[in-house]
Every structure is written in C-alpha cells, then in structure tokens.
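Shared chain: chain A. Partners: chain B in the first complex, chain C in the second.
Entry: the complex of A and B
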C-alpha cells in the first residue's frame, strides 16, 4: 500500500509541475462562469450592439436559475470533456513512448498500483476542478439570477462527476494499449461521442446508459428527488469503470512484457 | 459606450482576472521551458492573441511532457 502512496504522490507532483493543478480548475471556473454572465447580459448586449430598427422589441424569456446552471453543465459537457481527454491522453502512453514507464516498471512496482495511481490522480484533479467550476456557476447564478438550494447543486455535481469519472476511465483504458497519445485522445473522444449520441437517440431503451447521467444531472435541478433510472445508471457506470480498470491493468501487463 | 459603464465590475472582474492568471502562467512557463511542441514564437503569439483558448491549448498541446 505504501508503494501506492508513493506512486500517487509522484503523479500528483507531476501534474502540479505540469501546471495541471492551476489551469484545469481555472478553465473549469471560466466554463462555469461564462453562461450565467452571458445569459444575464445578453439582452443588454443585443440592445446596444444589435443593428435593430427603432422600436423593435425583442422579448427574451429570462431563464430560471436552474436553467442557467444546466447551461453551464452543458458547456462543461462539451468543452470540459474535450479538455479532460486531451489532458489525460498521454498519461500512460506518453510515458511509455518516452521510456519513463519502463524505468519505473523495471523496479518491483505492481502494475495495478501504477495504473491505479494515474487513474486516481486524474480523478482527484477532475473532481476538484469540476467542483470549483460548478460552484462558481452556482454562485454567479445566485448573484445574477437567484440562489438555488446548495443541496440541489451538490446532487447534480455528484451525478455529473460520476459521468466524467467514466470519461477519465475510458481514456486510461485506451492509454493501456495504445502508444500514441494523439490516437488515445481521438479514440476516447470518438467512443464518448458515440456513447452520447446513441443514448441521446434511444432514450427509452438506454435509460440506464452512463451518458444519460448528464441529463439526469440537469433534470435533478428542475425537479425534486432523483430522476427515474438514475440509480441504475450510476450502478452501471461504476461497474463499467471497475471492469475497464481491471482490463486495462491486465492488458497493460501483457503489453509491457511484450515490449 | 454606456453599457460598459453600466457593467457590474465586481461581477465581471474575476472573469478577467482568471484569464490573466492563465495567460501569465502560460507565458512564464513558455519563457522557462527548454523546448515546446513546435516553434516557441508561435506559441507566444497563440497565448497572447487567442483569448482563453490560447493558454489552454499551450498547456495541453504545446508543452512537451519530458
């Protein structure tokens, strides 16, 4: 276990030196803050900048606080996932390419710990960044529109965080058997987009799909209690994560022997 | 330019400050780093000119991992 702690510390130190701990939270905060601000100022901007004839009246419906926060969620769902995948696409593949992984694994280091430490450190960074980003969105929505209960915010944060955890696990999984970081990023994104699209179209059949967690997260803002099928979706997501992690350790060990 | 005066700066300012921090960290790192993925001057332009996305792109793509 102490070996795991050492590896985890090494990972955290490395992502600190890469400035990941600075730019990732800041980026998520920017993503979260953007929607409340633009939604609030959009009518005013249209008023002054828009080339409208005199007397034209545009009535934009004022979105509710819950709607603004779910817009932030949707924003993070597009750009946040892109950033997460790009940031973690080289996490094992890059080290293998440069030979660092071989240098570490030549020592009696468990492959389990090696992969798990990378997984956990990315997960930690993601959860903290996501929390700060959504917290900023919640606070700004509160200032500019109205405050929604903090517990509602926490619920949607956790639901959404579980989906992003799967995104990271998928990236780590591809990392285990592909050597080129770019390829890892591309295939991970493709997998996530296909998953998203298919479960977006077949909402009835794939109600328990992990990709639905995003819409459950925003639904949970609008209504009381958990949306239907949320629990099934969470359970399935966690199961897939466990399976993916174990398979990636397995594949990684085989690949490592072959190289 | 009435709208600029009417903006609530207490609300907008953090947005710009975060952007500025990102930009500064990226530039300081770019100066210190030995080699980047692609020409250094190009990254300097990207970081300075492309708003928000520039520094992020630099951290994600521009920095060599080793």
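Entry: the complex of A and C
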C-alpha cells in the first residue's frame, strides 16, 4: 500500500508541476460561467452589437436557472471531455514511448498500483475541476437568474462526474495497450462519441447506457428525485469501469516494456 | 553458487530469431562481461534477464528459484539509454525509485544522497534531470540501478556514452561495486571488459560462441607468436630462419615482422642465435600475448 502512495504522490506532483492543476480547473470554471453570462446578457448584446433595423423587437424567452445550468453541463460535455482525454491520453502511453516506464517497472513495482495510481490521480483532478466548474455555473446562475437548491446542484454534479469517470477509465484502458498518445486520444474520443450517439438515438433500448448519465444529470435538475433508470445506469457504469480497469492492468502486465 | 542460470533461451521478433538458444550461468560475486559486435543480441539478452522481455522459449532461473517470487527486487538494471522524468530533480528521482524499491522514506533519502556523492553528481542533485548532460544521466542511471542493493546488477553499455574521464570513473566505480554484488555488463569496448571482469561471454549472431575466464580463454586461444622490430627492412635477415621449419606463418609489415611459430621455446632460441651471430639490427623482441581484441576477432570470424 505504501508503494501505491508513493506512486500516487508522484502522479499528483507531476500534474502539479506541469500546471494541470491550474489550467484544468480554470478551463472548467470558464466553461461553467460562460452560459449564465451569455444567457443573461444575450438580449443586451444583440441590442447593441447586432445590426438590427430600427424598431425591431427581440423577444427571447428568459431561460430558467435549471436550464442555464444544464446548458453549462452540455458545454462541459463537449469541450470538457475533449480536454480530459487530451490531458490523460499520454499518461501511460507517453511513459512507455519514452522508455521511463521500463526504468520504473524493472523495479519491484506492482503493475496494479502503477495503473491505478494514474487512474486515481486523473480522477481526482477531474472531480475537483468539474466541481469548481459547476459550482461557478451554479453561483453565477444564482446571481444572474436565481439560486437553485445546492442539493440539486450536488446531485447533478455527482451523476455527471460518474460519466466523466468512465471517460477517464476508457482513456486509461487504451493507454494500457497503445504506445502512441495521439492514437489513444483519437480512439478514446471515437469510442465516447459513438457511445454517445448510439445512446442518444436508441434512448429506449439503451436507457441504462453510461452515456445517458449526462441527460439524467440535467433531468435531475428539472424534476424531484432521480430520473427513471438512473440507478441502473450508475451501476452499469461502475461495473464497466471495474472491468476496464482490471483488463487494463492485465493487458499492461503482458506488454513488453522495452522500447 | 550460481546467481542466475539461463537455459535454451530464444527470442524471435516477427519470426526473425534474434537469440538462437543460449545457455549460461553466472557465479555469485563475479563480474561478467557480455561481449559482442553490434546486433549480436546483447541488449535483448539483458532485457530478458531483467524481465522486461519474455523469452520466446527457454528459462531463466534466479538463484534456486523460489516459485512466484518477484525477482525484480534482486535486480538492478541500467538500459543503454536511461530515461527519467525530466521534471524531477536527480535527487527526487533517486528518492522515488528508492521508495519504490522498498526503502523507507528516511532510508531512501540517506541512500540517495550517498549515491549522488558516489557517482559524482551531488552538486547537480537539485537540478532538473531534463537539464542533465548525457554523462550525468548515465551516472544517475547507475545510482538508480543500485539504490535498492540488488544482488545482480546489469548494465547495458554503461560506458560507451562517456568521455574518457567518465569512463575511467565508472570503471573504478564498478571495481568497487564488484565487492558487493554480481555484475553483468554488456560492451563492445574490449579494454573495459579486460579491466574489470573476471569472466567473459561472447555473443555473436544470437549465439554464445565462447565463454570462460579471461585466463582460460587466453590459454585456449593462445597462439605462439613472436613480434620482431628491426631498424631496417627485415626480409633479408628472416630468410635464414624461414628454412628452419620452425615457422608456420610470417607477416611482414614495414620494419615489423610477426611470426607464428610451431614451438615457442625452440623458435626463441633459434632467433636469438641468428640475431647474435648475424648481428641483426633488432629494436624489439616480444612474445606476444593474446589480447582480447585478437580473441574477439577470432571468435567473431569463426
């Protein structure tokens, strides 16, 4: 166990030194505050900037606070995922490519701990960035529209965070058997997009799909209690994560590390 | 006692056989050089021994081979081109590797400082590894390989990237380490092998072509050879001894002659006689010792 702590500490130190702990939370905060602000000022912006004829009346429905927050979620769902994948696509593949993984794993280091430490450190960074991003969205929505109950915000944050955990797990999984970070990024994104598309089209059939968690997260803002199938979707997502993690360790152990 | 033994080791990449079945065992406390030209399979062999590569067939047994034991804790390995985390300082990297090797934080710190001193880069310990020179990286590589006190230290071309001073120092370091652990290092620089090693393994085209102690190899391959050097062209003097039947071959180059003889003692006497009676203008007489280079050439060409 102490070895795991050593490995995890190294991962956290590395992401601190290459500023991931600065730019990732900042990006999520930016994504989070964008929608409350643009939604609030959009009519004014159109009024002053838009090249509209004299006397034209713009009537935009004022969105509810819940709608604004789910817009932030949708925003993070596009750019946030891209950023997460880009940030973790080289986490093992890069070390294997450079050869430093061989330097480390020739020591009595558990492959399990090696993979898990990278997974956990990426997860920590993601959960904290997501929390700060959504918190900023909640706060600005509160200021500019109205405050929604904090517990509602927490619920949608957790639901959405579970989906992003799977995104990271998928990236780590491809990291375990591909050596080129760019390829890992591409295939991870492709997997996520396909999963998203298929689950979006076959909503009835794939109600348990992990990719549905995003819409459950925004639905949970609009209604009391959990949307239907949410629990099943969570259980399935966690199961897939466990299977992917174990498979990655298994594949990684079989890989020849020498470059 | 043998520390590691290798049986029928083979390795293929995409159907191309790189290691074609080698067997050997290393005695504890020895320093062994793995010699061979480029592409002989030295690196591949070391990688298999260190566990970084799976052999295609064959077995590697460590000590008496407790089943299922993680042998990595007994092994220190330095690849030919060591790589580090560039964002760490040399000291941090050693600390990290030491703790991964099972040392406590305190012990690892102590050991890291001590090793940085030993390999001579302690003044750069707080500099980022990314800023290290090639020689410094090589030294840091040696330090990280021995931080967990391995029983077997394997070094892949540890000195080829170093300048003459660096080489000298690393060889002296190996001389010291020899007392604490078994060392196996690959090289194509023959002098280095001759200097620190007790035992040699010759690898050529994926096969072990020769092995043994330097002395036993010398005895096995020693040819009776005499080198002569004259003040002028030697041909006219040497004619007198070519007829004696003592000489199996002769090679003349400028003022030098190198003579392979059938019987060293008889030939020596004959040459001395001729030299004194005919008053040869000799500047040098040497019974040549087989150098590692000769041995290398011979073994490789065989």
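Methods note: the second predicted complex is superposed on the first by the 255 of 259 C-alpha atoms of A that agree within 3 Å, B and C clash if a C-alpha of one lies under 4 Å from a C-alpha of the other, contacts with A are read in each partner's own complex, and residues count from 1 in each chain.
In the analysis below, a residue touches a chain if its C-beta (ideal position, glycine included) is under 8 Å from a C-beta of that chain, and two chains touch if they have at least 3 such contacts.
Bear in mind that the values here come from a model prediction, so they are computed numbers and not experimental data.
Engineer: Tell me which partner A:17 touches in the superposition: chain B (first), chain C (second), both or neither.
Structural biologist: A:17: touches chain C, not chain B.
Engineer: Tell me which of chain B and chain C touches more residues of chain A.
Structural biologist: B
Engineer: Looking at the overlay, what does A:143 touch: chain B (first), chain C (second), both, or neither?
Structural biologist: It touches chain B, and chain C stays clear.
Engineer: Per the contact definition in the header, classify A:100: touching chain B only (first), chain C only (second), both, or neither.
Structural biologist: So A:100 meets both chain B and chain C here.
Engineer: For A:27, select first, second, both or neither according to whether it touches chain B, chain C, the two together, or no partner.
Structural biologist: first
Engineer: If we overlay the two complexes on their shared chain A, which of chain B and chain C does A:108 touch? Say first, second, both or neither.
Structural biologist: In the superposed model, A:108 contacts chain C only, not chain B.
Engineer: Determine, under the contact definition given at the top, whether A:7 touches first (chain B), second (chain C), both, or neither.
Structural biologist: The second partner, chain C, only.
Engineer: Please write out, lowest number first, the residues of chain A touched by both chain B and chain C across the two complexes.
Structural biologist: Dual-contact residues (chain A): 18, 98, 100.
Engineer: Contact residues on chain C for chain A in the complex?
Structural biologist: It comes out as residues 47, 50-54, 70, 72-73, 75, 77, 79, 81-85, 87, 96-97, 99-102, 144, 148.
Engineer: Under the definition above, what is the set of chain B residues touching chain A in their complex?
Structural biologist: For chain B paired with chain A, touching residues are 2-3, 6-7, 11-12, 14-15, 18-19, 21-22, 25-26, 29, 52, 55-56, 59-61, 63, 65-66.
Engineer: Quick one: in the complex, what on chain A touches chain B?
Structural biologist: 18-20, 22-23, 26-27, 29-30, 33-34, 37, 41, 44-45, 47-48, 83, 86-87, 90, 94-95, 98, 100, 140, 143-144
Engineer: Residues of chain A touching chain C in their complex?
Structural biologist: 2-3, 6-7, 10, 14, 17-18, 98-100, 102-109, 256-258
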